[in-house]
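Worksheet for the structure shown next.
Chain nomenclature is as follows: A, B, C, D, E and F, assigned in order of appearance, with residue numbering initiated at 1 for each chain independently.
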Amino acid sequence: MMLHLLNRSPQFDGIYWDLSEAFGAEDHLLLIEDACYAALPAAAASLAAFGGRVSVLSEDAASRGLLDRLSDGVTVVDMAGFVALTATFPRSLSWF
Amino acid sequence: MMLHLLNRSPQFDGIYWDLSEAFGAEDHLLLIEDACYAALPAAAASLAAFGGRVSVLSEDAASRGLLDRLSDGVTVVDMAGFVALTATFPRSLSWF
Amino acid sequence: MTDDETAPAADTQPISLDLLVILRHPPHGSSWLREGVDVALVAAAFGQAVGLLFQGDGVFALVEGQGAGPLGQKGTHAQLAMLEMYDIERLWVSASALRARGLTLADLALPALALEADEIDHLVHAQPRTLLF
Amino acid sequence: MTDDETAPAADTQPISLDLLVILRHPPHGSSWLREGVDVALVAAAFGQAVGLLFQGDGVFALVEGQGAGPLGQKGTHAQLAMLEMYDIERLWVSASALRARGLTLADLALPALALEADEIDHLVHAQPRTLLF
Amino acid sequence: MIDRPYDVLSYALLVHAAPYSEQGALSALRFAQAAVAQGHRVSSVFFYRDGVHNASMLMAPPQDEVHLAEGWRSLAQEHGTELLVCVAAGLRRGLMSAEESARHGREAHNVEPPFVLTGLGQLVDAMLGNDRVITFAP
Amino acid sequence: MIDRPYDVLSYALLVHAAPYSEQGALSALRFAQAAVAQGHRVSSVFFYRDGVHNASMLMAPPQDEVHLAEGWRSLAQEHGTELLVCVAAGLRRGLMSAEESARHGREAHNVEPPFVLTGLGQLVDAMLGNDRVITFAP
């Protein structure tokens, strides 16, 4: 069980691919910083490998004007929720 | 007539696309630094938009062990040739 | 290929400015965009005719509804509001960049013209000086 | 799906090291790779069992025939030669990364095992600590 | 979040992101503040690669922007967080303590406590000695 | 190349790349050396974004690595190249001249001539006043 942190936009699709190779059946992906753009419906393909186990950091989505535009399948978590995810998952891995 | 400088590997295909939008019929593309990897035959698709008007910087290809592996269509220039290209083309634009 | 909202502007082909600044980076995640716009603003303050072309993730800079970051760090929205004050009124966006991101001109906070690839080629080649950020 | 040269190694599933370092950046263009390997070397010097996984452009680090940069800047080839000295002998590469770049294990300067996606998943999840560079 | 249905954990952060160029340094500071607000311990922050510039006491951002070095200093003072700067990464990039400055015959330095120049071994220690290691990168 | 079938040109370089983290700063220095070797003039190098760290006099790379700040200084001394550092980008990131240090009440500085802190207007001047502008980025 692993928490993956990702901070790059879907334009960096090489990262999304490498992450998908390491993504396990019980893992979770948190989109922060410019990775918030992956939570737009138009970028759904970039998240297809992660089976709906994807969250986005609310404050980063908000500053980018994305809160009203997010894909339905993506959960929104605040910074306290980010910390809680790192507590729940015993390990984390940051992709950038 | 414009010289385009590019320093990112083909993994950053968004940059290659944006560059292709700006690339004119009399332009030239010089691959430096990690863009040398685009001169490998396996990356030929990433250079398809540039109509064979592509060079690679020899010293950067050499340090990466690529000199014997380059695509036929790519010209090799040394650092003096890099300077000469910037002199020949009245304008240059760096993509990164 | 183009619908109403990304129709190419008929008047974009021959325009030659003093400086075209191409913005490819999204806002917030790095300061590329902000420091690129800074160069545009200073050049305009020095009397240069400046235009901006948004490509790739750079089009996100224009999305409506942006705000400051959680630590109060400024976004680019405030800075973009200064463009008009500095007489930077030529804003172009890559039509393909908009399409790929599910955006239309109606999603943008500022009026911009959408350009197809061949128009971007013409625009870039009509400028004496171009910087990319 | 796999040919001889990218055959998965039967012994890779259960291995648990103290630290797995994933290297995704190519050599020379930045110091990500070099400073990532530095962490691996120091961890090994502190008695930790360390393995390296090369993904994406990171596989270029292993290409045979590399040299120093034009200003004498060190590449990673010299550093990689130190791996064995530090008992870092587990080198894995992404099979898909090799294929996408037209490389096979025969192009690499060091012996490595090629892993398919599901094997990478297993490898990463068997490790107590993983850092990415 | 207030009931904390999990144990209090100790965290180490690894920061590769340069201040003011990338959001990563701000994200790391935000995360650290949120973690301690939830009762966790952030025992150390290790600055590596361009992250070393977070430690510069010569940093002078405009008044209306976040002062990152101050933010880290407050964290250290209020929560006992160790601020560790990789000495090899730092010296290359122009980060020096008074001690390193003297050793290199320079007349100035730009790293002072609570920031401490140290070796990569400390990063290994931080990985081994904490419940969680979270990386923030450019 | 030796016959120079083209005019002698004046160049300005724009460097965004941080020293030791990315190759861009090394490429820029190499290019500058090659340009002057061919008889061109490199009249100015403008350091912006993380490129400002090229100007740090506290930089102390290992002996067997290129010393970038020294390389730039040699270029300035031997060929009269102006080394311009964006003051807004620099102050945020911890680059200060003696003058800026005094203005900000600090006790140290890490930028000295031939590196000069200056405004973005100088970049605009460099673009207008030279035959070529070449950008080196991370």
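Here is the rule we go by: a residue touches a chain if its C-beta (ideal position, glycine included) is under 8 Å from a C-beta of that chain, and two chains touch if they have at least 3 such contacts.
Computed from a prediction, not measured in an experiment: that's the story for all the values here.
Shared contact partners of chain B and chain D comprise A, F. Looking at which of A-D and A-E shares more C-beta pairs in contact, the answer is the pair A-E.
Work out the mean CA point of chain D and of chain E, and you get 28 Å between them. Between the CA-based centres of chain C and chain E the separation comes to 35 Å, rounded to the whole angstrom.
With centres defined as mean CA coordinates, chain D is found 40 Å away from chain C.
For chain E, residues touching at least two other chains, in rising order: 20-21, 23, 30, 49, 65, 133, 135, 138.
Taken residue by residue, chain D touches two or more other chains at 28-31, 56-57, 69-70, 129, 132, whereas all remaining positions touch fewer. In chain B, the positions touching at least two other chains are 7, 11, 14, 33-34, 59-60, 79, 91, 93-94, 96. Checking each pair of chains for touch leaves A-B, A-C, A-D, A-E, B-C, B-D, B-F, C-E, C-F, D-E, D-F, E-F.
Those residues of chain A that touch chain E in the shared complex are 5, 7, 32-34, 59-60, 79-84, 86-88, 92-94, 96.
Chain contact summary for the complex, chain A toward chain D: residues 2, 14-15, 17-18, 20-24, 91, 93-96.
Contact residues of chain C toward chain A in the complex are 26-30, 56-57, 60, 63-70, 75, 100-103. By the touch criterion given at the top, residues 22, 24, 55-57, 94, 96-97, 117, 120-121, 124-125, 128-130, 132 of chain D touch chain A in their complex.
Residue ranges on chain D touching chain F, taken from their complex, read 28-31, 69-74.
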